[in-house]
Structure formats: structure tokens, C-alpha cells
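Both complexes shown next keep subunit A, but they swap its partner, so subunit B is in the first and subunit C is in the second.
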Partner chain A sequence: MRTQSDKKTQSIVHDQLSSCLKTNLTYIKEQLGHSTDLVVRHLHIGSKKNGMAICYLDGLVEKETIRDQFMSQVKRQAFSAKDPQKLKEEVENLITAVSAVEHVRLFNDLFKHLMAGDSILLIDQVKSGLIIDTKGGNSREIDMVTTQEVVRGPKEGFVERLESNIALVRRRLKDRNFWLKSYSIGTKTQTTVVIGYLNGIVNPDIVKEVEERLSRIKIDAILESGNIEEFIQDDMYSPFPTVYNSERPDAIAAGILEGKVAIFVDGTPFVLLVPTLFVDFLKSSEDYYQRSDISTMIRCLRVLAFFIALLTPSFYIAVTLFHQEMLPTTLLTSLAAQREGIPFPAFIEALIMEVTFELLREAGVRLPSSVGSAISIVGALVLGQAAVEAGIVSPMMVIVVSFTAISSFVFPSYNLAISIRMLRFVFMMLAASFGLYGIFTGFLLMVFHLASLRSFGIPYLFPLAPFSFSGQRDVFWRAPLAQSKERPHLLSQINTTKNQTEPSSKKEIDL
Partner chain B sequence: MKRLLGCILIGLTLLAGCYSAVELNDMMIATGIGVDWVDNQFELTLQVLNPGEIAGGEEKTSRTPVTNYHAKGDTMFEAMRRLTTTTPRKIFVGHIQVLIFGEKLAREKGVAETLDFIIRDHEFRSDFIIAVAKENKAKNVLSILTPMEQISAQKIQSNLEASEDFWGATRSVKLNEFVQSLVSQTKDPILSNVKLEGNLEEGRQQDNVEKLDPAAILQVDKVGIFNGDRLVKWFDEEESKGFNYLTGHVHNTVETIEYNGGTITFEIVDYDANFNSRYNDDELIIDVEAETIVNIGDVETEVSLDDQAVLKEIEDKLAERIEDLMSKCVEEAKIYQADIFGFGIQTRRDLPHLYEERFKEEWYEYFLTCDVQYDVDVMIRHGGMITDSLYDQMKD
Partner chain C sequence: MKSKLSPHQLSLLVFMNILGTAIVFIPTIATTYGKENGWVSVVVAVLVGLILLMLYPSLIMNGKGNFFDRIEYQIGSIGAKALIVLLVLFGFFMTIGNIWSLSQFISVQILMGTPPEVIAYTITFVSLYAIRSGLEVIARSVEVFFLFTMMSLLLLAIFVWPETSFDHLLPIMQLNQTNAFVGAIPVLAITYVEVVILIALIPHVNDETKVRKSFLIGGALAGICMIVVTVATIAVIGVEATTHYTYSIYRLGQNIQIAEFFDRIEGIVAFIWFFTIFFKISTTFYILMISTQYLFKVNHQKVFSAPLALLLIAASKSSLPNIFYDFELMRSTYLTLSYLVMIIVVLSIGLSRLKRSNY
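This part shows the complex of A and B:
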């Protein structure tokens, strides 16, 4: 097979395009395995038959551009030149009017462009091809965000198309210092990965680090930004995410304005943002659109939810197993009455309910939405109520699990919720073995671990540890915009002023 | 190395764990303890909860909300452990609400021997209330089924607290306070009583709580004074009140004075008292200063309340009445040589050098001869919704 194809295409030397149109076309077809989406259309130049051919991959190109603006133009034109080189220049001049044009001499480049959705124009007797930018084809329209919804704030979210995503951010950052740099990662997928940052605000070392980490990736496929995230994150074995991702253009724009680097990956609506701090996961872009007092309250609520989601089941286990004296007598009586006749130890009981809940949640995510409501009925009624009535779990346990579940849905980012889901089981085990002592030891170790993490050189717990007083303006307390005049310190040390609004004069208007 | 460390940590968690863990359905929650002195042994009464009968939302059966278990022993600890011959589960004492001594134990044996175990054991709290079953056994007091509060131990506890807050003749003495007075060189402890009113046998039946007028009820109304660890005397109601007036433990109470052939009753809404010691001409003097704000609550006599001079007169009369109660109490305490007020402790604070030199060795002699001087300041704040009494208005 191999020898056969070698024989046939022996005229192709060193990956260079041949001057024979037919040879070139055959080579392309063969290299693509005669794939059905390859379209080759022959064109006549004046009286000369088959003097030109255009090839592209169906579905990746904007067909209207090719048909209306290019094909019809070329057909209508009476080319005067007889010399193929001259002819090529003429064609090029013609196309430049409607689309970007490049030359290609190597098949390697030719295929890259072909795969990216460009069309290739080949002319007989010319040893190079013209690349016409016809990228297009169908992709999802810009739509409402689905993961980080807000009540107030822009509703549009990123889509799978890289160009649209970049445009969405560019529309928010009309600054010539918003620079983009493109990479192609994945030997098979050739996924375009673009980093974007605000020159003059971003710390150049961080950009260098991001570039270096990206260039280190040698893999055949990048299908989602999650693939990139796994390669560039600081600690592979940490349960905590050190890379932020968002579907919201405003969140990404805000991050870039703080001096972070955005990483766009073609084919996914999730854009990455580095460096990432732990507190970023407790913030929602809506915090900045609502008044500062209510945002502060909601943030405190999220911190509370963090502890509830992480520790409630373990606290329940610890207190009922080891520290009965901590509860008010009436509460203990009521708990004891509920546990009367329950066959399992508290830990097993908690484990059963937590696992059930995780199952329900996972089932709910995977199921089509039309069946999703069935799951909630089964979960809430059958499992919750029936388990209690059958005396397998105590009603208090159902309350604990529901409370935990509600709290874990509070976080604006899914990443952190996942870490908490996992750690919850660890804490439950610690509580069952050592009681509150175990919980506190575990919590201490967790904080040690958090403090040891870094994201692209920035301490993960900043501005809590190392403590930064000015950084507190945007952690639990969301300072009014008029009062927050500086960007976060550790991220960028250049050009830190972001707000120079004079305090309002509060003049009274005479009526 | 890391893997080894991980294995050790996992081993520690899974192998050593669960020490001292007790499931809620493997324990009995005790709410009250009674101690009696029977045949030269301690008789322990332990009241435990029957959670299903108490917790809200559970279906009730005809079983009692609490169950009592009894055991005898030469020491408290022994009796406590002997209880397990009758109890089905491990006893959890972290939620004890009251400790009740039988009067016989308090008078004849002394309570000190019972307390060492309770304080030494880590599971016991130190803030539950102690009381003495007046002229009765603790066993009997704890065996009454009480209406409203299903758990009789809880009823005694909240009863003592409520009556201290709104009547002022009792004191809810907590374990740590009692022990502090007990071990103090000079101070003597007091305890409130729990009295069984009515028929014991009927009170033990379930239908005691099914009646409008229960056959047996528990009442708290007085303070008993101790000399050392023995109960020596029950104060009457006036003396009990006087005690609380002197030590400043009155929060809200009612006081009546005679005036113009009738009576005026006041509600004491704010009361504060403290005492200090001084030494003058070879005599130890205790100055008791009290301030109180009162409202007029009930006027059954002819009196013009809009006259400042009359108001002043009434204020003085009330002050006199309070002083009277206090001095009665002090006289009684002196008879039994029980410094229940803590005069000795206060003297040590006010006159440290003199105390060390002179009073320390024979404090009780000084206590008996000390002169207690009272200064009560009464202020009438509100006269209520009407000015003249109905008594007056009817006459006009």
C-alpha cells in the first residue's frame, strides 16, 4: 500500500508543491484518504480547460464567500495573461478585494490551512498555492450563559468558536493594549489556543510563565480548556482548582483588567484565567453589578455556605457520636428519639445519604432535561421520604444532607463545589474516627495545604495569607467602587490605579 | 517514604479510630440524680429520658416520658456502676439538670462525700442545680409525674429558676457555686428545697398528669442553710427572701407594707445590693447597701399618691420592711453559726491585713458579734394606670 502510493506521488519532493496541478490534487486526495468532505472544483481560465482548481473541506468554509464572491468573479473575468505566474498575480489581485490571501509552497502548510477552513486555489504550472480565507461554516450562535447565571449583568456567554469569543472580550476592552497571542497545540487536533492580556497592566513574568507552560505541552489532542488546565495547573494532586474558568465574557474581561491572563481555547465556551486565587471562586461577576452592601452580605453567605457544605455531615457525626454534651438537652432528646430503631451507625447512615445524593446529582446532570424532573421526584419522594418512613435513616440526616446540598449549589463556580464534594467525605471519615478533634485536625491540614498552593507564582490564599490590608476591599467585603481605587497588589505592580473618580459634590438642586 | 507515611496515616485513622464513640441509640440520657442515705448506704436514683415520648413529631405511646432506676452502694461510684445491673444501656450524665439530696442525707450524713465523684468524673457538667428534698427522700421527689414539663428533673430546674426570678424566696444553686462555698474556710452553703405536696402514691401514677388538679405536685419555696456540709435549718419564707435581698439575688418580687390601716403592695423591678466590711472601735461592721426601683402594684388603703411627702413616707416604709427581712435572716444565720452570706470572704477582701492577723483563726466568733448596718434606698417609679386607688374612688 505504502510503496504504491510512494510510486504514484513520486513527483512530490520534500513536501513541495509540484507545478503539475493534477499531481498536486491527487496528492491532496490521497493524503486525505479520499475523505468525502474534500471538495475539489475545477475552473477554466479563458479557453484553457482545468487550468485552475479550488479545494476546501465541506462544512468548514463559508460557502457563500466561495460561490458568490470568488467563483463568479473568476468565471466572469477574462484573464489576459498567458504566463501562469502572471495569471496567478491577476487572480490574487482579484481575490484580495474580497478576502485575505496567502501563498503556500509546502503541503504541510497547505493541509494546516485546509483543516482550519481555508480554501486552496491551485493553478496549473504554478509551484505555489493561494490560500483564501473562507473560514466559516456552522457553529452555535452566541447564547445565554448556562453555568454562571446572574440576575443583573450581561447574559451572553462564550460559544465554541474562538473568533466569536475573542470578539466578545475585545468588545469590552477597547484598548490597544489588549494583546493576543496565538498557539496551536495538539499534534492531531491543531487546536488554536490564544492568550490575551492587557499589556502594561499584566505582570510580564506571568505572561512569560503562561507561554512557557503552554509551549511545554506536547500532546496529540486538546479538546477542551480542561485539557489545557490540567497541563498548566500548579499542583496536580491538589483537590483545589488553581485555574479559574468562566463562560462569561464580562468575568474574563474583569480578570484581564486585574492583570490576569486569559486563555481561549478553540472549540469550548470555557475560557481560562490565571493566576487564580482561592477567593476568586467565592466571587460572582454580579457582585460588582449589585450595590456593595448586598454583595458583601451575599459573599459572607457564600463563605458560610463553604463551611456548611464542607462540614455539616461531619459535624453531625462528630457531635452525635462523641460530643453529646455539646447539644442542648431538647435537641439531643429529639435526635435520640429519631435515631431510635435506626439499624446503622451514624457514619454509615450519613454515608448512605451522601452517596445517594451524589448519585442523584450525577444522574440529574447526565439525563436529558425532559427526564430530569423524574429524577427529582424519585430522589425527593421515594428516597428521602421512604427511607425515613422505613426507618433506615433518621429525618435529621435527611435535613443535614439537604442542607449540605443546598449550600454546595451556592458557589458561583462549579470547580470549588467539586473539591468540597470530595473533601466532605474525608471529613466525614475523620469525624467518625476522631470526632471534633479529627475535624479540626483535618481542617488545619486543609488550610496548610491551601496556604502551600500557588497559582503562577501567586500565593493561593492571597489576600488572606499573606494578609494584605488593601486586598480586603474585595474579599468578604466588596468595597463600593468609588472607594476601590487600586488593582490587586500581588497580581500587577505596574499601573495600579484603576479609578480616579472624584467624590460626588452632593450639590442641592434649587427648584 | 511518602507512601509509607500515607499508609501510617490511613492506618491511624481506620485502626485506632472510634475510641469513646457512642451511638445515640446506645445510650440513656440522664436528666436527674437523687441521693438518699438509707441503711448507712447511698441510694442513688437516676432519672433517664424516654426520648420517643418527649421529642416533638414522634408518635406518643402510654409510656412515661422518664424512667427512674435505683441502686445502693457504699460509695457513689459503686452505686452508679451498680445501676447498670438494671439499666439497658450506657448512662450518659452530660445532660443532668438537677441533683437532689434527701433531707436525711443532708442532715445526718452530710453531702460532701457524694460530691467528689460528681466533680471528678469528666462527663458530669458543673452547672446543674442542686436542691434538697424537704422532709422527704430524693427518690420520692423524682418519682412524681409532673404536668406541663414532662421531665420532673427539668420541671424542678425551671421551677427553681422561675421562682428565683419572680418571687425571690429561693436560689438556684449550681454545683460549682455550692462546692465553692463548701470548701471555703468561712462561707457556708445554702440550698433550695423541693417539696412534695399531696399524695405520693397518686403522684406516681400516670393519671396524676391527666387531672386538672394534680394529686401531687412539686413545690420550691424556701432556702435551707448548711453548716459545713450538713443541713441545719430551713429558713421560713421571709428569712429566705431576706437572704436574697442581702446577697443581691432578688431580680423581681413583690413586697407589701402596711399603711394607713390597709396595705400597699409593690413590685420590685430593679434591685441591687452589696456589702462591705469595716473595722471600727474593735468592732467588725458590715455595711449593707441596697438600691431598688419599685412600681406600685396594688393599693388597698387611703393614700394620696400625688403627694411627694406621702411618696417619700411610703418609700421609707418599704426600705424599713426590706431591712427588717434582712436583719431577721442575719439573726437566724448567727444562731446556727452559718456564714451563708460570705461576710468572711468580703472581709478578707476589704481588710486583708486584719483578716490575716485577727479574723482568720476565729472567724465565726467575729461573725456572731459583727454589727450589720443596713442602708436601703427605695425609689418609686411608676404608679400604674390609675392614680387614686379604687378604694378611694368608691368612697367618693
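This part shows the complex of A and C:
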């Protein structure tokens, strides 16, 4: 490829721009394989025909900027200079008024900017090009969040465009200490990845660690923040997520305010937050917008849901197989009556129902919403009812599975729900082989695993273990804002005061 | 990497180590000697035990470096080796006793028909996983499970409350007074005396000035729990039954009644015992691991973990034939061994004091 073009144009050396406009344009076209989205428009300078050309990739640029503010200006202007170098300066002055301008001398840089949505202005007889910032093109408007919905709280969510996402957070953190640093990761995708943190609050070691882990990534494509997450997470083979993601700008802003580091990835509405603690997955940003007592109750409900979603089927198996004496007699007799005609042992029965439910859930996600309701009818009503009537599963099992299913949808975070769903099957197997003892053992192992996890140096179970008394203000109990005056200590030891409001005194107003 | 414990975590480990095994056997043992004054034996044992807990840390409170350096500094290289061999033997004996008694308890009471060997295997491998993850992980998990243990104990105490009849406790200190104090001896042996092995963890604590305090807090908390459980057992099921049942506290759990619907949730008791004994096994196993590493001068800490686990399983299966032998053992061999270890440790504290005052 290269040698061919060299022969033809005879002047592209060391990747440098040539002084001949035509040579440059031919080279660009050849390098892009004559792709159809490359637009090249020639311009006349005064009397000189085709003295200038602008090229850009269609769809990546703001066409209005090019047409109205640039093309028309250049056309109208009568350039006085005859010397190409002077001419370039004149053009540059003209464009600076409307857009940011940079110089480029190497084709490598030129292509990088071209791909990013900039326009390149090339002038005949000049050995460098001008890069005009015309990034734009179509993308999704800022829209409602779809994954972490709340009753009370902001409704807008991140979008696929990096600039909008950063602006959404910046709008909430009007502080000059909110610093951003940009990386380009992926040799083919050149995805922009931006880390953001609050200088003076964040622990500098954590920022350094994030930077180091990001710079270690050598991959050809980053298409979603999940790709980044897999490379920077602490434990590759843990069922528990050690990186938090959210499409809520307020959740990300709150995390940054606690001293965490946000990682924005271009092309996805999901922004990452590190370091992440286990309890973060049990929190919703709404907890801080509702009053403290309500939030506390809801958080306790979530903890309950955690145990229900994880352990109910295994408890059912353990109790029916090994520990019948634990049930009250009336319940035991009704259970025994229900299970009389069931051909399967409790474990198989539970497994069938759980797998069925997982299938239904997965089908519900993939199906277009118009068919979704049909599936729920077939799944829930027909299958459940018919399975019981056919004597394949007991009604009690249906209750257990539905209860588990409802509980697993309580979590604000999808990640944790997945971990629980996976572990549920492990617990069911343990319960089938060792009864309650198996569940205890599994629980011990799970806690050992959780206690051994760290997210960017922070123990994953903090503030439960290692126990921190001040940290308890924001775990099960969401302390009233007037009482929570400090940021979590383990994340950052610098500048921990977050609130100095005096609790409002009960004053009677004389009317 | 040196693993660190906070004083808080140390006191929880002390708590778990005292309650492990003991919580289930204490009511039976104490009542066998003291009859209706069994709880007095426990009170006496707790008071003496707290004094012992004050003494233990003295051996290695001074000095720098790890546990073994400190002991060498205090009582010389040969003395240190001898003491650690003794501690290893004691710890090994204690661990196999615990593993086997838990396995038997589960195969007799919870999973009827499951061979105890299987339970011994699972429990040892789970603690193997724990100790290979490191002391910090064990310490953090203790913090999580402490909550569960305390909750279960509280629930047990509250739920059996309606069943208590304090007539069972009468007459207080009128009959066989001597036996009430004699009963404290075996009670001490399986609780506070055993904890001597935890001095190996002291160098890991990040604030050593608080070590004695954490020992005392853990000890006192465990003492209160033991007293409450013993009183409750005697008051609910009576002296006769308490001495009769091997797992009298489990029998106590069977008396639970909530709203006349939930009864027989003795699983709660199993919870308490399971968690406490598990952490006891893990901690002693960890100390065994680092001690053997020291004795055999091996660089890598985890080298002996897996072989030790296999040894523990084999030894526990072969040394203790059945649950009746457990009581025999607790009354004779084990009692002697544990007091021997305790006396030697206390003597070496005195020795090192004497040695230093001479200089």
C-alpha cells in the first residue's frame, strides 16, 4: 500500500504532510480505502482554483458549523496574501473566531483527529494542515434513566456521548477541584476514557492506582465500560462485583464527593465508580432524598431481601429433606400432603422451578416489549398453574420461587442481583447434600471470600468488617443529614468534614 | 505482607475462642459437679479466668519482632523451642478435639445418618481456605459472625424466658459447696486456659497497648454468655436433665416457643456453636501453621497448611472414638494437659521477669 502510494505521489516521506495539496488528498483517500463517508470539498482562494480543501468524515461532524460558520466565511473573504504561509495565518485567524484550531504535520495525527470528528483544512503549498474542531453529529438526547429508577430524585441519565456525561456531573459539582484526566484506550477503537475525582478529597494513592491500572490495558477494542471494568477489577474470579456502575449522574456525583474516582467511557451511558464496597450495592441514591427513617426501613428491607433471595430455596430444601422437626406440625402436615404426589425430590423440584424462572426472566429481557406481557402470562400463569395441577411441582415450591424472584428484584444494582442468582444454586446444592449445616458452611465460605476481597486497596466489607463505628451512619441506618458530618474515613483521610449544619432547633413561631 | 489485627478484632477472637466447644459442654460439666450450684462454678471459673487473661499477654508484651522472636528474647532459644513445641501439641490436641466434637454433634443431632468423617472433612477444608486467606480475613469474618452469634444467643435467652422456673436453682449454695468450686476446674480447662494459645496473635495487633484490655473485654463478654446460658439451662430443664444430656444447651433450644407456632428451633443453638467453634478451629489452625513454620524454619508460611489439615482429619478420626470418650477425655488427659501448658506459660512469665530483674 505504502510503496504504491510512494511511487505515485513520490513525496510522502516519514508520514509527513507534503506541500502538494493533491498529493496529500490522494494519500488520505488511499489510506482510508476510498471509504464513502470521507468528504473532501475544494475551495478557491481568490483567483486561485482549488487552492484549499477541507475534509471530514460524514456523520461525525457538526455540518452546520462547517457550512455556516466556516465555508461561508472563507468564501466571502477576499484573501490578500499571495504567500501560502501568510495565507494560512489569515485563514487561521478567520477560523479561530468560530472554532478551536490546531496544526498538524504528521499523517498519523491527522487521521486520529479525522476519526475523532475534526475537520482538516489543507492549503496548497503549505506543509501542514489545520485541524478545526467540528465534533458533533447525531447522538441520543439526554433521557430518563432505565436501570436505576427512583420515585424521588433526578430522572435524567447518562447518554452515549462522553462530553454530555461529563457535563452532567460537572453541572452538579461546581468545584474547581473536580479534576478530569483523559486516556485513549484501544488500539483500534481509540476510545476516550476519562477519570474524574475531587482533588483534595480523594486519596491520591487510589487515583495513582486507577491511572496505573488503566495504562496497563493493552487491547484493540473498548466498546463499553464493562470492558474497562474487567481489566481494572481486583479479583477476576469472584462472583461479586468490585466495581460499581451507574447511569445516574447524581449517584456518580455523590460517589465522587465521598472520595471515589469515576471512570467515564465514551460510547456508553454506564459510568464506573471505584473503589466499591459491598454495601454500596445495597444503597440507592433515593435513600438520600427520602427522609432518614424511611430510607433506614427500606435499607433493612433490602438486607432482608438479600438473605431471602440467596437462601429461601436452599432453606426449603434443607428443611424438607433434613430438618422436618423444625416445622410446626400443622405446616409440616400440609407440606407433606402437598408433596405427596410429587415425583421429584425437593432439590430437583427446586432446581426445575428456579431454572424455569431464570429462563423466563432472560426471555423477558430479550423480547420486544409488545410480546413481553404475553410471555409473563404464559410463564407465570399458565406454566405455574399447570405445573402444580399436573403434579410436577408443589404449590409451596411455586411460592418459594416467586418469593425469591421478587426479592431478587429489590436491589438497586443489577450486578449484585446476578451474583446472588449464581450463588443461590450453589447454596441449593449444599442444602441438598448437608442440610442446614451445608448452608452454614456455604455462608461461612461466602463471608470468607467477601472478607478477602479488596477494591483498590479498600476492604470490600468495610464498614462492617473491619468494623467502623462512624461508618455505621450510612449502612443499615441512614443517619439524618444533620448528623452525618464526615465522609467515610477509610476512603480518604484528608478533609473529612462534609457538613457543618447545626441541627435546626425547635423554634415556635409567634404569629 | 504482615497481617494486622485491630484490638477490637482481637477481643472478638478471644470471645469466639472461649465460647467455642465450651458453650455446649459447660452447662453439663458444671452441673455434674455443682448440681444446682453449677452456675456458681461458672462464675468462679470466669473470675479466675479473667485473672489468667490478665497474665497471658505479659509473656510477650515487651519486645519487638514476631511472636517467636519475642519468646526467644524472653526465655532463650531452647526454652522458646520447648514452649512452642508444647503449644503446638496443645493446639493440635485442642483442634482435633474441636473438629471431632463438632462432627459428632452434627452427625448425631442435626444430620442424622451423615457420617461424622464427612463433616470433619468439610469443616477442616473450610478452615483451610480461611487460614490460607490469611489472619486478616479470619479477623474480618469474625466481626461479621460475632453479630450472628450474639443475636442467636440473645434470641435463645429471650425465647426460653417463659419456660424458666428458678426453683430449679434453689437452694443456692447450701448443698455441696466444695463441689461448686471443684467444678470450676474442668470449666476453666476448656475455656480460659485454652485461650493461652492466642498470645501468638498479640504481635499482629496494631495497637499493642490495648491488648490486655481486648483480652479482658472478650473474656468478660464470653463469661457473661456462659453464665447466662448455664443459669438458663438449669432453670429451664432442671439439674437432672442438664447432667443427663450430652448437649444440654441443645435440649434447652428445643424448649423454644414463639407465639405457640414456632417451636423446636434448636437450630439457633447449632448456629451459636457452629460459628464459635469454627473460629476456634481456624485460629488454632492458623497458630499451628505459623508455629510449625517457625519450628521447621520454612520460608513460606502456607507450606504446612494442607498437610496439617490432612493430619488433623486423620488424628481427629482416630484419637476420639465416641462422644462418651470426649467427656472422659475432658475430665482426665485434656484437663491435665491444659493446666500443664497454662502453668508452664505462667512460670515462664515469672522466669523472664526474674531474669530481667537480675540484670
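Keep this in mind: the second predicted complex is superposed on the first by the 502 of 511 C-alpha atoms of A that agree within 3 Å, B and C clash if a C-alpha of one lies under 4 Å from a C-alpha of the other, contacts with A are read in each partner's own complex, and residues count from 1 in each chain.
Basically, contacts are C-beta pairs under 8 Å (C-beta built on N, C-alpha and C of every residue); 3 or more make two chains touch, one makes a residue touch a chain.
Given the structure is predicted, the values throughout are model-derived calculations rather than measurements.
*Asks:* Quick check on the superposed pair: does A:L436 touch subunit B, subunit C, both, or neither? Answer first, second, both or neither.
*Replies:* Second partner only.
*Asks:* In the superposed arrangement, which partner chain does A:V447 touch: subunit B (first), subunit C (second), both, or neither?
*Replies:* Only subunit C is touched by A:V447; subunit B is not.
*Asks:* Once the shared chain is lined up, is A:Q324 touching subunit B (first), subunit C (second), both, or neither of them?
*Replies:* Touch partner of A:Q324: subunit B, not subunit C.
*Asks:* Per the contact definition in the header, classify A:P466: touching subunit B only (first), subunit C only (second), both, or neither.
*Replies:* second
*Asks:* According to the stated criteria, A:L114 is in contact with first (subunit B), second (subunit C), both, or neither; which is it?
*Replies:* neither
*Asks:* Taking the superposition on A as described, I'd like to know which of subunit B and subunit C A:S334 touches: first, second, both or neither.
*Replies:* A:S334 sits against subunit B, while subunit C stays out of touch.
*Asks:* Counting only touches as set out at the top, which of subunit B and subunit C does A:P345 meet: first, second, both, neither?
*Replies:* In the superposition, A:P345 touches subunit B alone.
*Asks:* Classify the contacts of A:I206 with the two partner chains as first (subunit B alone), second (subunit C alone), both, or neither.
*Replies:* Touch status of A:I206: no partner.
*Asks:* Shared contact residues on subunit A for subunit B and subunit C?
*Replies:* 322, 325, 434-435
*Asks:* Show which residues of subunit B lie in contact with subunit A when the two form their complex.
*Replies:* Interface residues on the subunit B side: 13-14, 16-18, 20-25, 27, 29, 31, 49, 51-52, 54-58, 92, 94-95, 97, 123, 125, 154.
*Asks:* What residues on subunit A touch subunit B, complex-wise?
*Replies:* 320-322, 324-325, 329, 332-342, 345-346, 395, 429-430, 432-435, 438
*Asks:* Which residues of subunit C touch subunit A in their complex?
*Replies:* Counting only subunit C, the residues touching subunit A are 6, 8-9, 106, 110-111, 114, 119, 122-123, 126, 129-130, 133-134, 136-145, 261-265, 267, 270-271, 274-275, 278.
*Asks:* Help me check something: in the complex, which residues belonging to subunit A touch subunit C?
*Replies:* Result: residues 322-323, 325-326, 328, 434-437, 440-441, 444-445, 447-448, 451-452, 459, 461, 464-467 of subunit A touch subunit C.
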